[in-house]
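Should a chain be cited, it is by its letter among A, B, C and D, assigned in written order, with residues numbered from 1 in that chain.
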Amino acid sequence: MQTMDGRADSPELEQLYRDFDANSMAPLWTQRDDLMPPVPSPKAIPHLWKWRTLYDIAKRSGDLVPVGRGGERRAIGLANPGLPGTGYATPTLWCAIQYLGGHETAPEHRHAQNAFRFVLEGEGVWTVVNGDPVAMRRGDLLLTPAWNFHGHHNDTANPMAWIDGLDAPFSYYTDVGFFEYGSDRVTDEASPDISRSERLWGYPGLQPLSEPRRLPSSPLSAYRWEYTDRALAAQLELEDEGHPATVEQGHAAIRFTNVTTGRDVMPTIRAEMHRLRPGASTPPRREVGSSVWQSFEGSGTVVLNGEELRLEKGDLFAVPSWTSWELHSDSGGLDLFRYSDAPIIERLGFNRTLTAPPAG
Amino acid sequence: MQTMDGRADSPELEQLYRDFDANSMAPLWTQRDDLMPPVPSPKAIPHLWKWRTLYDIAKRSGDLVPVGRGGERRAIGLANPGLPGTGYATPTLWCAIQYLGGHETAPEHRHAQNAFRFVLEGEGVWTVVNGDPVAMRRGDLLLTPAWNFHGHHNDTANPMAWIDGLDAPFSYYTDVGFFEYGSDRVTDEASPDISRSERLWGYPGLQPLSEPRRLPSSPLSAYRWEYTDRALAAQLELEDEGHPATVEQGHAAIRFTNVTTGRDVMPTIRAEMHRLRPGASTPPRREVGSSVWQSFEGSGTVVLNGEELRLEKGDLFAVPSWTSWELHSDSGGLDLFRYSDAPIIERLGFNRTLTAPPAG
Amino acid sequence: MQTMDGRADSPELEQLYRDFDANSMAPLWTQRDDLMPPVPSPKAIPHLWKWRTLYDIAKRSGDLVPVGRGGERRAIGLANPGLPGTGYATPTLWCAIQYLGGHETAPEHRHAQNAFRFVLEGEGVWTVVNGDPVAMRRGDLLLTPAWNFHGHHNDTANPMAWIDGLDAPFSYYTDVGFFEYGSDRVTDEASPDISRSERLWGYPGLQPLSEPRRLPSSPLSAYRWEYTDRALAAQLELEDEGHPATVEQGHAAIRFTNVTTGRDVMPTIRAEMHRLRPGASTPPRREVGSSVWQSFEGSGTVVLNGEELRLEKGDLFAVPSWTSWELHSDSGGLDLFRYSDAPIIERLGFNRTLTAPPAG
Amino acid sequence: MQTMDGRADSPELEQLYRDFDANSMAPLWTQRDDLMPPVPSPKAIPHLWKWRTLYDIAKRSGDLVPVGRGGERRAIGLANPGLPGTGYATPTLWCAIQYLGGHETAPEHRHAQNAFRFVLEGEGVWTVVNGDPVAMRRGDLLLTPAWNFHGHHNDTANPMAWIDGLDAPFSYYTDVGFFEYGSDRVTDEASPDISRSERLWGYPGLQPLSEPRRLPSSPLSAYRWEYTDRALAAQLELEDEGHPATVEQGHAAIRFTNVTTGRDVMPTIRAEMHRLRPGASTPPRREVGSSVWQSFEGSGTVVLNGEELRLEKGDLFAVPSWTSWELHSDSGGLDLFRYSDAPIIERLGFNRTLTAPPAG
């Protein structure tokens, strides 16, 4: 132990530190450097998980671990190696692969945490949100905002896997979580092509007059791949035609938004889809706040704080706060899904971005 | 002239009133009753215009009045009989039938006034908004918000007519208008099926990352009938299935909204589409603020302050502030387009609504 | 009558125009120039009213016109010569001198219109707002936002005069007004030094936890001269000390704001106080929207669209939309109160400002 | 290890769990109970720190630990016993006693973290915020929002102690912190009675026209005890007079707000002052989010999750999320300062409150 200016210990100083401990006190000067670094210095590390590995292990869980009440979900979290013992992808974000066998049901519950699902491949499962069955298909983003009952139901004989995203680490840290069990089965086992939510809300710029407006989370439960794909393709076509549309040359991207406000889909989670043309690159960027990406189609590389990682279909990677990231697409192009805690960061005024020019 | 309590004139009082006049003064007590009525007491009156008449007269204008620079548009305003000499539909809203002959062009200009077009029937004209050609087709709502250059171009040999809606009376009264001429021809004579605006913005809940967010007016230039129709149909189907979706029994309705905010399409104008099932009715309602309706499909009646008026395809009617209105659909159902000054009223805190139960 | 390109009349054209009239139609092309001018072209004109004249005539009204129910107020509006027959200061703003004799009472009422009083000189009257007596003293701004009951009560033997500002012309034009009589006497004849509103809300940055927050109008009923004066003096002192504080060299100004939101005091009216150092000038400015100014202390000149007008204590002038205005202070300095329709203009997105450098 | 339904281990299951570990995966079902509790289940515990103890130990630090660059502040954090190793008062909030000896200076720095000081007793120190010296006196709340340079300077020969509040634990957890050193001395050693910030902003409802409006944090650097005290006293007087003003019988409270928006003083921290009449009590309340209270004047008790703790002048206590709290005042009344993470909770939609009636 020492003083602020590094002077050596004295018996009085040692006694002082003992008295700090004994009285539940902690001096700032011994931890200021760590607590208040010059730039964000996350404990979480940039990390990549291979989809093939995740899927194989999830499949084995499907054989060994029945889904049911209590555990609630056969979901296996991506555990950031920099956050040992937590099972968190980043300090704020949970990301799991969920696996549901043929004709299985994950029982209904609700929680204060905001959640979504994103589907890499497959179909046949309906997620039932407050009694409204929502088909899950390739490329779809499905929302279950705070305090909506939801369960999942496999209407087919085939298993299906997808990723779950939640703000559970943030909610746990800040002690905001509530949780309640619902029906052991889903409350509606129908398997309609589109949900009631989409029938009410799924049109560009149209709102039902019957509904309260400006909701905290989007009432649109499903963002279908058909539209996402079309929007990304159009941006690249417009770029070809000489019109501003893309984030930067060869990089198209859309944000999924709350249809009642134009803001993020949920108060704590931002969701986006990115498309890189064959051979395209993004310049290195640093942002305050963390995110998780999933490679959806195509292949390429991501460079995280200077380390290059190969991306194949389904691979997931975590980008902690202020980590430099840049993307490169192979000759087949590259589609990526991204979600982040950006709404938390922005609503509290902590957002900063640093974009470097691409290395010449 | 007299005092507040009705006492007869005196020479001193007469001199006082003469001095008011001479010094540009006006006593409140002689006009308070008129200036501050117990409830809104509009000079504009409820009025119906028959589409057939409007169209025939517009067509004759097409033969007699060439469209061109200066007059700018072959548009003929609906002149509320309660507002003589103005050509206004209501104190805040302009509504005109615009007629464009085969291969004619209405030259480009821009103005601080917010404007839209709504198409009852026909096709073949493109409205070019800041250089982006937007096809106009039956049932479409097309926006030209404040200060966007716009012109119209008929790509066919056939004439086309539609309605224009503007906040011009409001803008004129409050002295907020700016106006600027643009190109004599439209800047892009292409006739694409969908506009660049729709390619960027026309997806449910998706926003391009490249664009500034939360714009004052919607960047989506066209709200297509295909979606409007589908949304209204879905509301009635959901009602049949026992789910909340409609405004009230048999009455479906959507609001066109700014895709970046979920608020009204433009800061001064609200636009909606309503559908009544065959035989359905709405209860009498009074609202602060004025609106203009157009019967789009089907037939029925509207009751305005107790007077029943027949509605056939294309008929337009003005509903001044605090006028009681109720709609009844004939056996074929009834679709109506509506626009109003509700955003002005609501943003300034003057909104009130009074809904009476339907007469038993 | 003629066509858009100025061709002479024909019998067919004359018939067409007759049919327009007969069918409540009005062509745009004959009025487009007037309806949509290149820049705002107000009918209201810049005009100055001398306080001495206003006061003398108001005083004569005090002898001849008893205040009472029906007429409600002994208030005499400043009638813009460009708006004959209206009694309006500008198209949106009412401004009146109100005169209350010793021990007189102006009965209570409430209305949807927003109103305030500003006191040039004198004291002894309490305005009772929803039962809360608010003392009126020199330099104070007193609010009576929409739908608050209010009456005025002279607790002394001496008459008092002040100005009333309302959005009544705007409310009348847009048909949003409601009006209701209240008590014939004020409901509380006490004469406390400060109101209950001030006791709850009148502290810098402090809000009572018991109150709903973010109200549409300020719950603070009185903005006292003591604070206004101190704030203006401090800005000039800070300027002297080399710190940014003033609008421009020698020109201090504060805005009165809604203490729950930091926005304007009421949804339709902005209120400000300006102070020019001895000999200071402002550059010519044009703004969309209209305002009324009152010279409060000192003397100087205002130049409106190039015409210079002398300002002495109490003089009022109207500045229509897009009128160029600039202020010059005499050797004693100049304090001015201003109110405007800026919140209407800004909330609807019509605001523009043009500032020219001072003539060299 | 076991399955969701509690079945015993098998070799396959053990291998599965080993593979989870090896591949940075963590099953949800083993941690769901802990991660997503039925109600918030904080690790932080309710805890009380006695001011006398804190002060004595801080004073000894004053003798042993010179203040200076690197450690930056002689501040000693209240270390919640439920969060060992952190030095945090709650998961989101830092609270420290800071001690500055006669004529000492704490050097300038700035950080993304939001901070404030609250003064229990004493005076003589100026906190210099972006070059503006702000006097610190008994009962004052002093703000240093994100990224404002600030240092402290003791202008007297006497030591002074106060509490520092920061969002540092939240910022650390979410990796949003930036930090930069400034001047080793404060940039202005003047000791004015009031700061430039107060001279510009410290008036009820008045805003300088020269300043950008609607700032994320309050530009008013000091909330003076004079006003806080007067506001609390007025609420109790109004209660005596029969008017609504207090939170509940005998419990007055004000919130310190951002003078440009009426929202909380800083994006992450809410600050309030509470006053209980002699003998008054509050009903038990539970709220999502955590807070720290300091007893400012008088004495009484606080009951936290059923445990009663004595409060004397200066005592501090931490209230973790969803902890039941109730206050009781002794015969001399009780004043308390409180700060919390409520803006974080509310902006993200996690707020809930449960108020129980007082035990009969």
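Going forward, a residue touches a chain if its C-beta (ideal position, glycine included) is under 8 Å from a C-beta of that chain, and two chains touch if they have at least 3 such contacts.
Since the structure is predicted, the reported quantities are computational estimates derived from the model, not experimental observations.
Both chain B and chain C are touched by no common chain. If you average the CA atoms of chain C and of chain D, the two centres end up 43 Å from each other. A straight line joining the Cα centres of chain A and chain D is 31 Å long. For the pair chain B and chain D, the distance between mean C-alpha positions equals 52 Å.
Residue positions of chain A with contacts to 2 or more other chains are absent. Chain-to-chain contact here is organised cyclically: the chains close a single ring, every chain touching exactly two others. Interface residues of chain D facing chain A in the complex, by the touch rule stated above, are 3-6, 10, 12-13, 16, 19-20, 23-33, 35-42, 44, 47, 49, 53-54, 57, 60-61, 63-68, 70-81, 86-87, 91-92, 96, 111-113, 146, 168, 170-180, 216-217, 267-268, 288-290, 320-322, 341, 343-345, 347-350, 352.
The touching residues of chain A, when paired with chain B in their complex, are 196, 198-210, 213-214, 218, 220, 223, 227-228, 230-231, 234-235, 237-238, 243-247, 253-262, 265, 272.
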